[in-house]
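Two complexes follow with subunit A in common, the first pairing it with subunit B and the second with subunit C.
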Partner chain A sequence: MDETIVHAYGIISADDAPNQFPPGIADTTVSIFGVDRLAAVVSLLPVEGFGAADWERNATNVVWLERVARQHHAVLQHVAATTAVVPLRLPSLYGNLKSLADTLRSAAEPLERDLRRIEGKVEWSVKVYRSAEAQSPAVSAPSSSGRDYLLARSRDLSARSSAQEQLRARVREIHETLGQICAEYLRNQPQDAVLSGRREQMLLNGAYLVGKADQARFLELVQEIADDSSTKGLSVEVSGPWPAYNFTGEAETAREALT
Partner chain B sequence: MSDAPPERWSDTQVALVDLIDRVIGGGVVLAGDVVLGVAGVDLVYLGLRLVVAPAHEVEQSIALGRRSA
Partner chain C sequence: MGSDGTGPQRMPAARGAPEQLQTHPRSDSLADVLERVLDKGIVIAGDIQIRLLDIELLTIKLRLLVASVDKAREMGINWWESDEFITRLDDTDEKGELSELSRRLEALEGRINDSPQVESNPTAGEKEARGRA
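Up next is the complex of A and B:
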């Protein structure tokens, strides 16, 4: 291969390294690069095509970006199935292995802290939407006068806002209930409707760091919540397990800001 | 709601919007010697948003209130 650049997917403990990987970005071979007690999951990409200039050039090339993001995630997903891994945010490029080693050494302490934090745990996502039927506005009987109309309209508005407040309270309760069996949990900003393509209002975009042994219980609890009659008007969706994207590094500050 | 059993690590179930959210909204930034300019990184993040929605809608939603990436 011609000149290469190093892409790092994530960081693991050196003594935890899996020995098989799916293909990486651009179908390159993924391998382990150990530095002291840590190891990076890496592949060597051709500079021609994946250098900084190519990232900038492809910054709005959705086909290119989606392919890269999916391959990056597929490697992390594979590693996370057996090993605690600190996922690195795209793009994660190093000129050569020496430069990656220097970076790893200088960040060894927070990375080891992150690894201890997520050891034996995985991330689950629970989203709660306001279901479509709960969003239809209340309809008042036809009003005989302007004054009646205004009164009826004001009743409608206050009924709607108290219904909204009840839903929000229920969502907070759901989040806290799920949190009881998690090592950590946090609420992300609701996803943008444009990006999610969903018309229903997202009320909860929760991330939950769950012990591997507690996953079945966690999912049972999600199912119970979804079936519960007090969840009427809400729809509950769960996905995972994810690598701990939300419980490493910078996510910490986001969490503090929300709690 | 889906009945995803634990320990299913397949990539096929992953909704793109969730993936994009995590790949650029989560994870750790470990800056090395090859750094994209700030504008470059912003463009990549904008681009990843474009992956899941048409350009004009993304621009509109960013104008309405951008989620910190």
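Up next is the complex of A and C:
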């Protein structure tokens, strides 16, 4: 291979490194690079195609980005199945292994704190959508004049906004209920319908850090919520387990909160 | 990707109510993966090959896109629009609203077509009035 660059996927504890990995970005071989008590999951990418210039150029190319993001994620997903892993955000490139080692040493303390935070836990995602029938409340009888139409329209709108408020309150309640059996939980911005691929409006985009032993209980609870009659008008979707993307990088989160 | 059994399982959570069953075409959607891989996770700076500022910008763009395609578009961020998957899904919202509007439009058009007859009445009335004078 020609000149290469180091891509780091995530950080694990050196003690519990898995020994097999799926192929990495651009089908490169993934391996472990240990530094003191930590280890980075890495692969060497060709500079040509994955250097800084390529990133700058392709940062606006969602097809390229999707492929790289999915390969990065696939490696993390595999590692997370057996080991606590702190995911690194894309792009995560280092000139050589020595510079990665220096970086790891300087960030060792927060990384170890993150590893302790997620040890023995996994991330689950619960999304709540307004279901299709709640989306469009009964349309008023066809109106014969413009004035009738406007009146009917305003009645529809106020009925819609109070229904919306009830749904929101129910969603807050769902999030808090699920949070009761989690180590940590948070709400992300709802995803836009265009990207989520769903017509329905997303009301909750929740992330839940669940102890491995509590997963079955967590899923039962999600099921109960979905079956509950008060969840009428909502549809609930659960996905996971994910690597703990949402529960690592305290310093990062704190900084972002300021902006 | 995602079909190898190692990816997150996505499942509808409604069992008792079949009309609520939601199946998703992908085991992990593009939005889910982008949201996590490009917005979450940590950045450890060192001899990182890409300036942190660039990562920041990418993150902000992504966050805008994931949360609101319209908002992103308003700010001139439209780089995803070349993606078939996304453009295909776009422009289909508010369907109920649109059909109500087109119903109103049809009704109005119907009235405009009727209007020559409506206007001919005063004319006839005028003639009558003149005839009486």
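The rule is simple: the second predicted complex is superposed on the first by the 228 of 259 C-alpha atoms of A that agree within 3 Å, B and C clash if a C-alpha of one lies under 4 Å from a C-alpha of the other, contacts with A are read in each partner's own complex, and residues count from 1 in each chain.
The rule is short, and it goes like this: contacts are C-beta pairs under 8 Å (C-beta built on N, C-alpha and C of every residue); 3 or more make two chains touch, one makes a residue touch a chain.
Since we're looking at a predicted model, the values are computed, not measured.
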Subject >> Fit or clash - subunit C, subunit B, common subunit A >> reply: clash
Original post:
Which partner does A:Y149 contact after superposing on A: first (subunit B), second (subunit C), both, neither?
Top reply: second
Original post:
After superposition on the shared chain, which partner residues are touched by A:R199: those of subunit B (first), subunit C (second), both, or neither?
Top reply: second
Original post:
Looking at the overlay, what does A:P91 touch: subunit B (first), subunit C (second), both, or neither?
Top reply: both
Original post:
Looking at the overlay, what does A:L100 touch: subunit B (first), subunit C (second), both, or neither?
Top reply: both
Original post:
Between subunit B (first) and subunit C (second), which does A:L65 come into contact with in this model arrangement: first, second, both, or neither?
Top reply: both
Original post:
Of the two partner chains, subunit B (first) and subunit C (second), which one does A:R130 touch, if any: first, second, both, or neither?
Top reply: neither
Subject >> First (subunit B), second (subunit C), both or neither touched by A:R117 >> reply: neither
Subject >> subunit A positions touched by subunit B in one structure and by subunit C in the second >> reply: 5, 10-11, 51-52, 55-56, 59-62, 65-66, 69-70, 72-74, 77-78, 81, 86-95, 99-100, 103-104, 107, 111, 114, 125, 188-189, 191-197, 222-223, 226, 235-242, 245-246, 248-249
Original post:
Touching subunit C in the complex: which residues of subunit A?
Top reply: 5, 10-11, 22, 51-52, 55-56, 59-63, 65-66, 69-74, 77-78, 81, 86-95, 99-100, 102-104, 106-107, 111, 114, 125-126, 129, 131, 133, 135-136, 139, 142, 149, 188-199, 222-223, 225-227, 235-243, 245-246, 248-249, 252
**OP:** Over in the complex, which subunit C residues touch subunit A? Could you list them?
**Re:** 1-2, 4, 6-17, 19-20, 22, 24-50, 54-55, 58-59, 61, 63, 65-70, 79-80, 82-83, 85-86, 89-90, 92-93, 96, 100, 103-104
Subject >> Partner subunit B, residues of subunit A touching it in the complex >> reply: 5-6, 8, 10-11, 51-52, 55-56, 58-62, 65-66, 69-70, 72-74, 77-78, 80-81, 86-95, 99-100, 103-104, 107, 111, 114, 125, 188-189, 191-197, 212, 215-216, 219, 222-223, 226, 235-242, 245-246, 248-251
**OP:** Under the touch definition given earlier, write down the residues of subunit B that touch subunit A in their complex.
**Re:** 1-9, 11, 13-37, 40-41, 43-44, 46-53, 55, 57-58, 60-61, 67-68
